[in-house]
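Below you will find the structure I want to go over with you.
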Amino acid sequence: MIAVIKKGTTQEQMDVLVQWLATQNIEVHISQGHNYTVLGLIGDTTHVDMDLIESLDIVESVKKVSEPFKQCSKKFHPDDTVVDVNGMKIGGGHFQLIAGPCSVESKDQIISVAESVKASGAGILRGGAFKPRTSPYDFQGLKSVGLDLLLEAKRATGMPIVTEIMNTEHLPLFEQVDIIQVGARNMQNFELLKALGHTNKPILLKRGLANTMKELLMSAEYIMASGNPNIILCERGIRTYETYTRNTLDLSAVPMLKELSHLPVVVDPSHATGSSKLVKPMALAAAAAGADGLMIEVHNDPLHAWCDGAQSLTPEQFADVAEKVRKIREIL
Amino acid sequence: MIAVIKKGTTQEQMDVLVQWLATQNIEVHISQGHNYTVLGLIGDTTHVDMDLIESLDIVESVKKVSEPFKQCSKKFHPDDTVVDVNGMKIGGGHFQLIAGPCSVESKDQIISVAESVKASGAGILRGGAFKPRTSPYDFQGLKSVGLDLLLEAKRATGMPIVTEIMNTEHLPLFEQVDIIQVGARNMQNFELLKALGHTNKPILLKRGLANTMKELLMSAEYIMASGNPNIILCERGIRTYETYTRNTLDLSAVPMLKELSHLPVVVDPSHATGSSKLVKPMALAAAAAGADGLMIEVHNDPLHAWCDGAQSLTPEQFADVAEKVRKIREIL
Amino acid sequence: MIAVIKKGTTQEQMDVLVQWLATQNIEVHISQGHNYTVLGLIGDTTHVDMDLIESLDIVESVKKVSEPFKQCSKKFHPDDTVVDVNGMKIGGGHFQLIAGPCSVESKDQIISVAESVKASGAGILRGGAFKPRTSPYDFQGLKSVGLDLLLEAKRATGMPIVTEIMNTEHLPLFEQVDIIQVGARNMQNFELLKALGHTNKPILLKRGLANTMKELLMSAEYIMASGNPNIILCERGIRTYETYTRNTLDLSAVPMLKELSHLPVVVDPSHATGSSKLVKPMALAAAAAGADGLMIEVHNDPLHAWCDGAQSLTPEQFADVAEKVRKIREIL
Amino acid sequence: MIAVIKKGTTQEQMDVLVQWLATQNIEVHISQGHNYTVLGLIGDTTHVDMDLIESLDIVESVKKVSEPFKQCSKKFHPDDTVVDVNGMKIGGGHFQLIAGPCSVESKDQIISVAESVKASGAGILRGGAFKPRTSPYDFQGLKSVGLDLLLEAKRATGMPIVTEIMNTEHLPLFEQVDIIQVGARNMQNFELLKALGHTNKPILLKRGLANTMKELLMSAEYIMASGNPNIILCERGIRTYETYTRNTLDLSAVPMLKELSHLPVVVDPSHATGSSKLVKPMALAAAAAGADGLMIEVHNDPLHAWCDGAQSLTPEQFADVAEKVRKIREIL
């Protein structure tokens, strides 16, 4: 950490600051410039309140020199993490298509969708059982019944499954789930992150609606700091002022996150755009940007889907996307 | 709900849509324009998937006619809600100052701050026991010990207390807390909202970092739909591209929310700005904008606060703010 | 346009509104619902002040049924526009690579870069002569000298050139320029747009830092309404709260704009990301998303570039990008 | 400027950087930490390309130590600027109400509004002659005819006038205008800023739709660097994701800009909110936040205003606001 001291600060004022920092085991390295004096703070500055120092009268500004994330940083762990889900690998050059309906609706529906996306090359089945909805009056998912149906589809097709958790109290229900998803709205539900850190399940962590990449990595750090290193990051669009699309898919997050972290990064073009017409071009773009996987909503009958039908591909559309994604990955 | 149908749509195509809507108990009222045909959808459209209809080939666009919130809407409940916290009233013309430290640190600290802010006119004591922090390595609050210290301060001063909850599993610990706060990061933690809806405690619901006013009201609706009408809305700054301030305090939300809803609206200028220098002007501005209360961080020794010292007022600064706020309210 | 009237509105109040609209040649079609009355406004509503009607006491809300852009709309002009720049075509299936340095610095530099990007497949040469800079103390470009050097490079290589204009008074200097660029900061410099509409030059119109796609199309409409139909839209990143990248490249704008409009859409991954490491993945992603062209900064010696060296590719890096873009376009 | 060098960098690599900086007359002060080496760059770093240094392989990050604005900075000019407009002073404790219609429509209209707002305490008359409109089909203002009518109102009432300029070519028409306004869309029209810097007129500079406070100050710096120190900054709402209000009024910009700069800061609550119902609370809030003035749209007949009627106050509403603002200023 670096503190820039204002011109005109007396030696005594500076001494007070240096001694206060010393009580926090921070050594100070002073470097005198023409217009400013710069203090280099050496030691474990993790616990030093940067905003507080910046608010002091003699301090011009404070800058962090190092990133606050450690365990998920590429700097401290240069090799890419490969998350292995029952033999389906993601990261470190391994790519996966994750597909399935927004909501699990019935046994027939989920097994039929699972079989068709598997045939097109999907390795992992997605399906919502607990659904976070903005309105209390909207369909909230089949809950534990939905989980059971997902497990039936898993048995029928052999595909590992991923589904969203919304509360620590539901954890016992997720014992046979292969990947637990943390949704965008819960990205900073720290109690949930800590509880997931105490499991050994792969976690698919979605970027929050208005969260920075740094915050996404700090949330991954919460899970890792509690002992679970199996994390898949997911870009799913961020909130901007644009209204023609539901969110703005931030594809530059793919190469940027992969430069900062060793964790795999997948992209969800369905929630990002909210419109099935945009899913295909954004899926191909995500593959071209170097994503480690794609998570795509597929429904056998979008017109009658219980939720998010507008953004679901038909199995035929998904097969076309899967084929083109495969070819793009060959080029990279 | 209104659906605008594209020019060139055949009668047969339109009939298919009308019949499909009829299966959802939606009656359709057709109005023929020059360039467009407009369908008025009459009935309970709460469960109709607007995005799905918009994605149909024959549909140009879909518009909601009514707001999705009901119980918190001023339209259905024109009288202002007055939340009564042990005799301290908020809303419907009643104004409250809520003050106290970011974190509860010790018995002496919390009682000393409580006494001083009470003397300056604060009616309710705030203090963090469970602290949501972006980094897992930051101080996470004294937790249940902190709650006990808050209750001691309540007994010592007679002030009702407000403190933040982070997880449904902690609810039993909050039995003697007067107002339960839902933090910005949990504004869309729907399981928590539902659980709080089953209590009879006043809830202070903070607007999320990047949530619209409509979403804030929908989260209030979650609590009300579960049976609890005692909600205080709180504007605490939203995320924008500006970096000189921690967040951008959206004061226009005060009159706007009060036009849309009967619930009281308070403002937290401390978290909004992140800088004690800005707290005073923003507190006065919030009062002038018509807020029903202010929530302000006050610390007896900001330089040694365990968190957020940079944004805490001293008791003397708070007394000055309280005095000026009182005078501004007289003018309104 | 549709106006939703509040419950409880009297027939007399409604008559006043209907008559006032009649004075503006707007016919009204009334449709009575259970909770609302909906007025369909028929006629030329372009000049009707939607906000004003919405502010009336009896009006619940007002919704536009049609988009405000006409000449650039795909609805009124279904065939894709193909912009022809001295035989180099963009749009309607034609793809162009536009490359060159941020700033023109010298004759040797611009000719050397031009020759190398041409050899790699670039069809059009870019180079800044007038440079918009946030600080008055930064290098502002070689101005008319830079234009002359660009023209020398055009003669030497046969490549058409594109360069930015900043003021209507400079127009006479751009007589031999092939494509005139309107930068992001001038996207709503309406006087400039009108002046360019009176030329017959192709215009490359960049999306503003915080402008919606609708506003971008309205700015294109300004140029077209003044008589010039030769417009190329350019997505170059929008401003969000994220700080790891300079801007957030909104690639979903590519398929979305192409659905709304017949104009070609190119992508500038250099300004969008601000970092040469991100230019390649974003260039490939833009091609996969269906862009009609790419505009990429290339410098023979990025370390000594006079501006934006951090985001410039070397000629070798550009050749690699060009090759992979070609292969991705074959797949689409 | 400070450059943080990565661990593992060799002395030779560092020497290359130091020598390259020396060619730009930058002296380097090296400070060795545990995990990082920090280089302090001493000398005129205004022209050093921060992004370029940051892109070097051996560099971890680069931080600016000083702000890029000089002439408008409070640091170099601690006394508040007082702009004097024909005896009407703004800044340094002087407060002004600026009021008038969105557009000048007729002689009767502008004189009638001017007289009524003057009677309520307004010191300066506003009125639009050249109107920037998103759509080319909207009313664009009466242009030079509108300027003439404004001058008639000036003669009739003695009030100084402020009106917007959109292009350098219109400058000769503004000779008798007292304050020239730069609108939000032209805040980074650098050619216009430079031209205004060569006049001696007071300039009212509006913050752009999505511009930071730093960029606003850099635009003021453009005007000052060209020789004109008479600048009034204006906060008028920024673009966010919220849709219930037209823009989000950033009132924390008032105390923040006044801490950074000596220039006066006024607030325009009319354009910020887009709704007359919100103008009054936001006007009072702006006064309470310490603004040096308010710019408010007033129309004698909002229902028939040619533009922005929805956000205009009636003269009676304005008189009420003016009275309450006066009382709030007495408290501060």
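When the chains are written out, they are named A, B, C and D in that same order, and each has its own residue count from 1.
One rule holds in what follows: a contact is a pair of C-beta atoms (placed from the backbone, for glycine too) under 8 Å apart; a residue touches a chain by one contact, two chains touch by 3 or more.
Model, not experiment: these values are computed from the prediction.
S.K.: Looking at CA centres, what chain is most distant from chain C?
M.R.: B
S.K.: Mind checking the centre-to-centre distance between chain A and chain B? Centres are C-alpha means, answer in whole Å.
M.R.: 26
S.K.: In whole angstrom, what separates the CA-based centres of chain A and chain C?
M.R.: Roughly 31 Å separates the two chain centres.
S.K.: How far is the middle of chain B from the middle of chain C, if each middle is the mean of its Cα atoms, in Å?
M.R.: About 38 Å separates the centre of chain B from that of chain C.
S.K.: Two-or-more-chain contact residues of chain A, please, as numbers and ranges.
M.R.: 210, 239-241, 243, 277
S.K.: Examine which chains touch each other and state the graph shape they make (line, ring, star, complete, other).
M.R.: Shape = complete; every chain linked to every other.
S.K.: Taking the touch rule as given, give the residues of chain B at its contact with chain A in the complex, in rising order.
M.R.: On the chain B side, the touching residues are 20, 46-47, 49, 51-52, 54-56, 68, 132-139, 166-169, 185-186, 188-192, 194, 209-211, 215, 218, 221-222, 225-226, 239, 274-277, 302-303, 305, 307-311.
S.K.: What part of chain D is in contact with chain A in the complex they form?
M.R.: Of all residues in chain D, those touching chain A are 2, 4, 29, 31, 33-36, 38, 40, 42, 60-61, 63, 65-66, 210, 239-241, 243.
S.K.: Using the touch definition up top, name the residues of chain D that touch chain B in the complex.
M.R.: Residues 210, 212-214, 238, 240-245, 248-256, 259-260, 272-273, 277-278, 281-282, 284-290, 324, 327-328, 331-332 of chain D touch chain B in their complex.
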